[in-house]
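In the two complexes that follow, chain A is the common piece, with chain B as its partner first and chain C second.
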Partner chain A sequence: MRRSVSFAVFLAVVVLGASALTAPPRNAAAVAPQKAESAEVKIDNFSFGPSTLTVAVGTTVTWTNRDDIPHTVASSDDPKAFKSKVLDTDEKFSFTFTKAGTYPYFCSIHPKMTAKVVVE
Partner chain B sequence: MSEGFLGTAAPLAADVVLLLEIGMGVGLLIGAWLARRKRFRQHAWCQSAIVLLNLAVILVAMTPSFRSQVLPRIPAKLGRPYFALATVHAGLGTITELAGLYILLCAGTRLLPEKLRLTQYKAWMRGVLVFWWLVLLLGFATYVRWYVPSWFANQRGFDSGRR
Partner chain C sequence: MKTTSQQALSGNTQNELVYDHNHDGVDRRGFLKCMAWAGTGAFCVIRGGVLRSYSLGRLAEMDLKETAGELSFAQISDSHMGFNKAANPDVAGTLKAAVDKINGLAVTPEFLLHTGDISHLSKPEEFDTVEQILKSATPKDIFYVPGEHDVLDDDGKQFRERFGRGAQGAGWYSFDKKGVHFIALVNVLNLKAGGLGTLGQEQLEWLEEDVKPLQYSTPIVVFAHIPLWSVYPEWGWGTEDSAQALSYLKKFGSVTVLNGHIHQTMQKVEGHITFHTAASTAFPQPAPGKADSPGPMKVPAEQLKSVLGITDVNFIRGKQALGLVDSTLG
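And now, the complex of A and B:
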């Protein structure tokens, strides 16, 4: 009888200890501040790459014009969520997505150039 | 913004303007031919309609596009061919359109005082026709540089190699 009680106590200690080790800390965010995320889209050869970019809310997306022709980045919705100035070669434009959703966009100089950002 | 119909990367407005401008250039040549055939009334109507239509195209389509896409980048980016071409085209085009309107005012109205009117009509008209076609060719070159990527494939390779 004493042996079985000792075994039950031992088992309880092991189970409690294991659960304490595997459970996430309640205030993890406060301990380790979340790193701001970023993503890149390359504009080259009259196209956006990648054509569909999936990012988390709060991500800053940076478009870089690697083409030798000016381009713009303009969201297709109305009113426009974002719109860059005319980007010459190697110029960049950044936008931080603060709301989830799908953001189709295009180049207002070359409307055949289309792509989208999916924010989850 | 709608896509164009000429199979290039241009928007619809740029394709429409290109075809309109080519049509107007040919129309002016027909108008000049009418003058040589001494059909001056038809000549006057033809050239006047084209100069006024071109003014509308400049105000409605070309100026807004130039203001949003080119003007903010000059003079800093004038060394780049696409900005330089568009700027020279815009500058010469403005001068030529103003000269065309001046001829129209002198020949077709009595709005200008006597001392401001033309005396050498033929020289002015021929000069404007030559400049008009020069501007048209520059406009075509601008269209190609901005909207036809395949024509500059080799240069792009050269540029990216340089980067």
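And now, the complex of A and C:
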């Protein structure tokens, strides 16, 4: 009896572990930490590049302002999912996306500059 | 965060140019030349209800009678104190040049208007520098509106504390000078994704009430940072709800709208309303659609004098419109 219970627990752990490898975890806390993912967005010529960035849950996205003019990175949602301080030339802002979804954002100084991050 | 080497680069530009001289159009000699002519604004004369604006650089060539009027003031714009890139490594120098031009005028303007982007990054020391430089201007009365660079990270709190002059709401106010009604509007706050400049409902209601008691013959001068007409919406050069604001002003015989933001002079007449944008005292921006983006334009030093400016307005009572002409710091 005792043996079969521990075998079941063992099985469950193996199955859970396998599913964590093949599918994005719903609850990141329930599994062993994954290797941190990162992605870059460049701000150049009054535009975000790429204008649509698709990343996995848990990815840290870093924006770098390469313009001569300051910009911001501000979520278009209400309430805002994220908002940077003003970024002068070569300054950076990072945000880690922990939930799947589509995150539209813009430069709050130059609101014609819009883009989005898709988290899968 | 800037890297250490980038900080060092920025620091160096305070004293010497470290840019690629072959490609940015500015070298040490060019920079000094730049200092000789840069830093402009406009002299505005209101004559017969018509606002005329002269580039400060052109005034010397003009007949004094031509620039006489009942009320005159100067407009400067887009000082961007703190900017130190290749398009102009010395924005303090060019602002001082603009003040020198104003102080050299045969007719002393009664006051100055600054149509925003006083600072580049809303830093206290940037505002301090501009205030210090403008203290040397002969006109002691200065009226400001904020640009989007003046309200970074604090929704304009610091701007209102320094320059608010008892302003209401986000910083709007009005005042009268010699029978001309001046209205300062704020269209750089609460900007929405994909949108243009915004005045907002509260400010529009205030404006409607503000002009209600005025006689139709009262000349009106409206000033705000972002153009209140559609200059080039693709670059955000316009204001979402400006049509509503202008509808309250249609009954007046003479309305002049003064803006900054686009770092070049442009004029347009629509019915009784004359629209006018001023040049920057700091650096030029490209004509609408003539570049990939509206970023700072690096022009050869010998051209820079023609793209920075000051606007002067002169008002002469009696006629129905305001005249406004631009001049450069040549």
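Going forward, the second predicted complex is superposed on the first by the 87 of 120 C-alpha atoms of A that agree within 3 Å, B and C clash if a C-alpha of one lies under 4 Å from a C-alpha of the other, contacts with A are read in each partner's own complex, and residues count from 1 in each chain.
Basically, a residue touches a chain if its C-beta (ideal position, glycine included) is under 8 Å from a C-beta of that chain, and two chains touch if they have at least 3 such contacts.
Remember, it's a predicted structure, so these values are computed and weren't measured experimentally.
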item	value
Fit-or-clash call for chain B and chain C when the two complexes are aligned on chain A	clash
Touched partner set for A:Val55, first chain B, second chain C, both or neither	neither
Touching partner for A:Pro104 - first (chain B), second (chain C), both, neither	second
Partner chain in contact with A:Val118 - chain B first, chain C second, else both or neither	neither
Chain C versus chain B, contacts on chain A by residue	C
Chain B versus chain C as contact partner of A:Asn45, first or second or both or neither	both
Which of chain B and chain C A:Lys85 touches, first, second, both or neither	both
Contact residues common to both interfaces of chain A (with chain B and with chain C)	45-46, 67-70, 85-86, 88-90, 106, 108-112
Chain A-facing residues of chain C, complex	1-3, 6, 83, 85-87, 120-122, 148-149, 152-153, 191-196, 233-236, 292-296
Chain A partner contacts - residues on chain B that touch it in the complex	1-4, 9-11, 68-70, 72-73, 77, 80, 82-83, 145-147, 149, 152, 155-156, 159-160, 163
Residues of chain A defined as touching chain C within the complex	45-47, 67-70, 72, 74, 76, 85-86, 88-92, 104-106, 108-112, 114
Contact footprint of chain B on chain A as seen in their complex	45-46, 66-70, 85-86, 88-90, 106, 108-113
